[in-house]
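Scroll down for the structure; my scribbles are underneath it.
Note that the chains are named A, B, C and D in the order they appear, and that numbering of residues resets to 1 at the start of each chain.
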Amino acid sequence: MPLPLRATIWNEFLHEQTNEIVRAVYPDGIHAVIAEGLHQCLGDAVAVRTATLAEPEHGLSEAVLDQTDVLVWWGHIAHDRVEDVVVERVHRRVIEGMGLVVLHSGHGSKIFIKLMGTGCMIRWREAGERERLWIVNPGHPIVEGFEDEYFELPHEEMYGEMFDIPQPDELILISWFEGGEVFRSCCTFRRGKGKILYFRPGHETYPTYYDQNVRRVLANGVQWAAPTGSRFFGAARNIRDPLSAPVPRHS
Amino acid sequence: MPLPLRATIWNEFLHEQTNEIVRAVYPDGIHAVIAEGLHQCLGDAVAVRTATLAEPEHGLSEAVLDQTDVLVWWGHIAHDRVEDVVVERVHRRVIEGMGLVVLHSGHGSKIFIKLMGTGCMIRWREAGERERLWIVNPGHPIVEGFEDEYFELPHEEMYGEMFDIPQPDELILISWFEGGEVFRSCCTFRRGKGKILYFRPGHETYPTYYDQNVRRVLANGVQWAAPTGSRFFGAARNIRDPLSAPVPRHS
Amino acid sequence: MPLPLRATIWNEFLHEQTNEIVRAVYPDGIHAVIAEGLHQCLGDAVAVRTATLAEPEHGLSEAVLDQTDVLVWWGHIAHDRVEDVVVERVHRRVIEGMGLVVLHSGHGSKIFIKLMGTGCMIRWREAGERERLWIVNPGHPIVEGFEDEYFELPHEEMYGEMFDIPQPDELILISWFEGGEVFRSCCTFRRGKGKILYFRPGHETYPTYYDQNVRRVLANGVQWAAPTGSRFFGAARNIRDPLSAPVPRHS
Amino acid sequence: MPLPLRATIWNEFLHEQTNEIVRAVYPDGIHAVIAEGLHQCLGDAVAVRTATLAEPEHGLSEAVLDQTDVLVWWGHIAHDRVEDVVVERVHRRVIEGMGLVVLHSGHGSKIFIKLMGTGCMIRWREAGERERLWIVNPGHPIVEGFEDEYFELPHEEMYGEMFDIPQPDELILISWFEGGEVFRSCCTFRRGKGKILYFRPGHETYPTYYDQNVRRVLANGVQWAAPTGSRFFGAARNIRDPLSAPVPRHS
């Protein structure tokens, strides 16, 4: 039997403790509902742990990352409170092959900005409007199992272009918003050996992470982002120091 | 003084002769209005000729293509009447470096399908609805001179995803439609030495090619698509036959 | 237990019957050795059949393709003898999601050229020289399990740039040749829902398909190319005819 | 008459002052020879200034960057001595549209690493071996005017893959090295509105920046990287703060 995929769900976990509306939707935190969704879709094929801002090292010690194949990231109002040493640690792990799934307002997180190299800013409007997500890459494993050309969320925060990211390696979903905007809502990037997925939906005041289509994208995304590939690039020293042993000349 | 860029505007030129509504909008043909727009924006920097389906060789003889830097293509109901020998000829020229700007329903043309390798099909609806085109690549020369984040067309035919094309090399505009769809409306591809631009707007019953923003995209696009690069790949034989003279081995 | 992946290995199968050197290397045909390699690497996870040019419909009837997840293609001197109706059939299947792995001189096959939209030509030299294949995308599943930064083939035909293909979606291996050339030797493309892998090595006079590294790339590649994604784009009619039922306007 | 393109050549300028061999090749500094090359190729179409590490603010004050369309960067042994405030300043300018051409060992500079989001490390060997640079994108303006399929440098430092960068937006040259390596030597990236070119050759002990082909790539590259596109994304506040005025809902 193959080993289960080890996912760690990181959540800032602040809104849920201070805002009644958010607490009503996510009483145990957004991370708990995301974890529940992964278990629902993947069963024994996934082993989930969670981590939050308030924990020592934000719950992302070297020991935890040693046991993490894919890290899922939800943050919003406290991006600046994530310590740089943890950001550096996560960055190194991604370069070495750990998957990273960045959700919604995580576009403004230190780790996403560091991996993208751009400002990562967006337009937004909080009006509870309809979002329709169109599939533009129907053969991609991240949309495995979808029956239709699009899916909808009845009430979401709007994010609009220009989304200041590098050109994605793959663009999978484009959102249409009732108020007049579009957004590249599901796109992938490779950095080093690591696979990165950005997935837009998930404002804290809406029950988005209970939605079955959103859960399916997350389950597919976590599987897609799992480490693959060759082994030689896995050691931290390879990132900081070039290989010292040259290939012998073939004379 | 640099030589002017030589653009050839190809138009099927059928709707304008059989449909009163289209004739009212484009009495001299869509090609005439596109040509007027290029002249308005580029002045002496462009030399424009036009060609239509009914002409011998559809107006695209070897002699005409010898004098063409960029070919603009508008077709719709008569894709099948374009002779294969002309399609092959245009294809070879693109591979050798001629630019190609494919407009609107030209997504279904033989030449576009041949260059893309896919079905190139779309969803559509003709309801005269509002289209808003968002810039997602603001540094691209094709949006040179635009002041705002988007521009609008008050009435257009809707095209919706899934647009069955290969992943574009560059995605520049995404359309939002009032009725609920999105579309990758301005995107680029390289094939051989040739640069290809697909630009969505331009249904025959609306005055789209009089619109100043559409004209600016076309003028920028024609300049972007002009031949550039190295010379060695220019001869037709290089396409069909690999080079025969090997690089000497370095003993 | 998941169903096995169904691979069909197509081989022109002419050199082996007319050339003593080739017959000595591949007495039962290149297809037999490729099939053996897939079995060696994937065991029960793959079910392999083979097909050759001389069979009716070249062995690629609709019934066979109904049972094919991934088609592997080796052809060289008889590209023109592959009937267009079979090429169209394979093309439609790729757009609908069937994987395609094109090997070595298959760069000049009708199906590859049709999917790429370019001339697909190369430089070449047959001198039995050393090829070293460098990994430039170490996190890609196609290089799963490789321990080192490159692998070598002691004697191969040289293929050199400019390889006239569209920009690949992913570039995984770049070859270095002793005589002075480089080549994009392992690259991927999506067309419709189908995933396409081009993999360079495999000249008929060398025992390349017995090489363990080549076998591993092929086994990984066949798994990577297997159909994935959403279901709506699967029917042939979706390719030829756009969807007729518009999304209701949201007024 | 169009205004000249304003290029600023930044050089660390240390090797030339401490190493006899380097001083013999570049007595007035690498920057002086790069500037000479731009003047040779572009004449009055370019206005060049230079800046070095030892100057206040490393010669890259806001006032200088206000007058810079494209910044060329050569650095090697003192990447860590470039102050973070200057790196942040240059980064913001690139996002806003300034072009950046990063040369040779500049792959390890703070600004390049920050824009890429990866480690940017390489293999290397200093053996004065032959480098042959193959054109793989012959229609790109950066290879404008080249007559042949490749060009050579008789003696250069070797750089080898894996080059730890994101997948380039465009790959233009691949190097072959005598000792057995390959390298993606000329590739482009967009970050925000800015165009970035990485170009490999230029080790300080060889007269690479006197080479006519290298000079042509640099002249073409500086022109390609010049600011283009729409205006709305030009203000610094757009990078840090999302736009506050939402699009009115269209009810």
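The rule we apply is simple: a contact is a pair of C-beta atoms (placed from the backbone, for glycine too) under 8 Å apart; a residue touches a chain by one contact, two chains touch by 3 or more.
It should be emphasised that the depicted structure is a prediction, and the values quoted were computed from it without experimental measurement.
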Centroid comparison with subunit C (C-alpha atoms), farthest chain: D
Interface residue overlap between copies subunit A and subunit B, same or different (over half shared): same
Centre-to-centre distance between subunit D and subunit A (centres being mean Cα positions), rounded to whole Å: 32
Euclidean distance of C-alpha centroids - subunit A vs subunit B, Å: 37
Multi-chain contact residues (two or more partners), subunit A: 123, 135, 137-138, 149, 160, 162, 167, 169-170, 178, 180-181, 190, 192, 233, 243, 250
Residue ranges of subunit B in contact with subunit D within the complex: 97, 130, 135, 137-141, 143-149, 169-170, 178, 190, 192-195, 227-233, 243, 250
Touching residues on subunit B, where the partner in the complex is subunit C: 95, 114-119, 121-125, 127, 129, 158, 160, 162, 164, 166-167, 169, 178-181, 189-192, 233, 238-243, 246-250
Subunit A residues within the subunit B interface of the complex: 123, 132, 134-138, 149, 160-163, 167, 170-171, 174-177, 180-182, 184
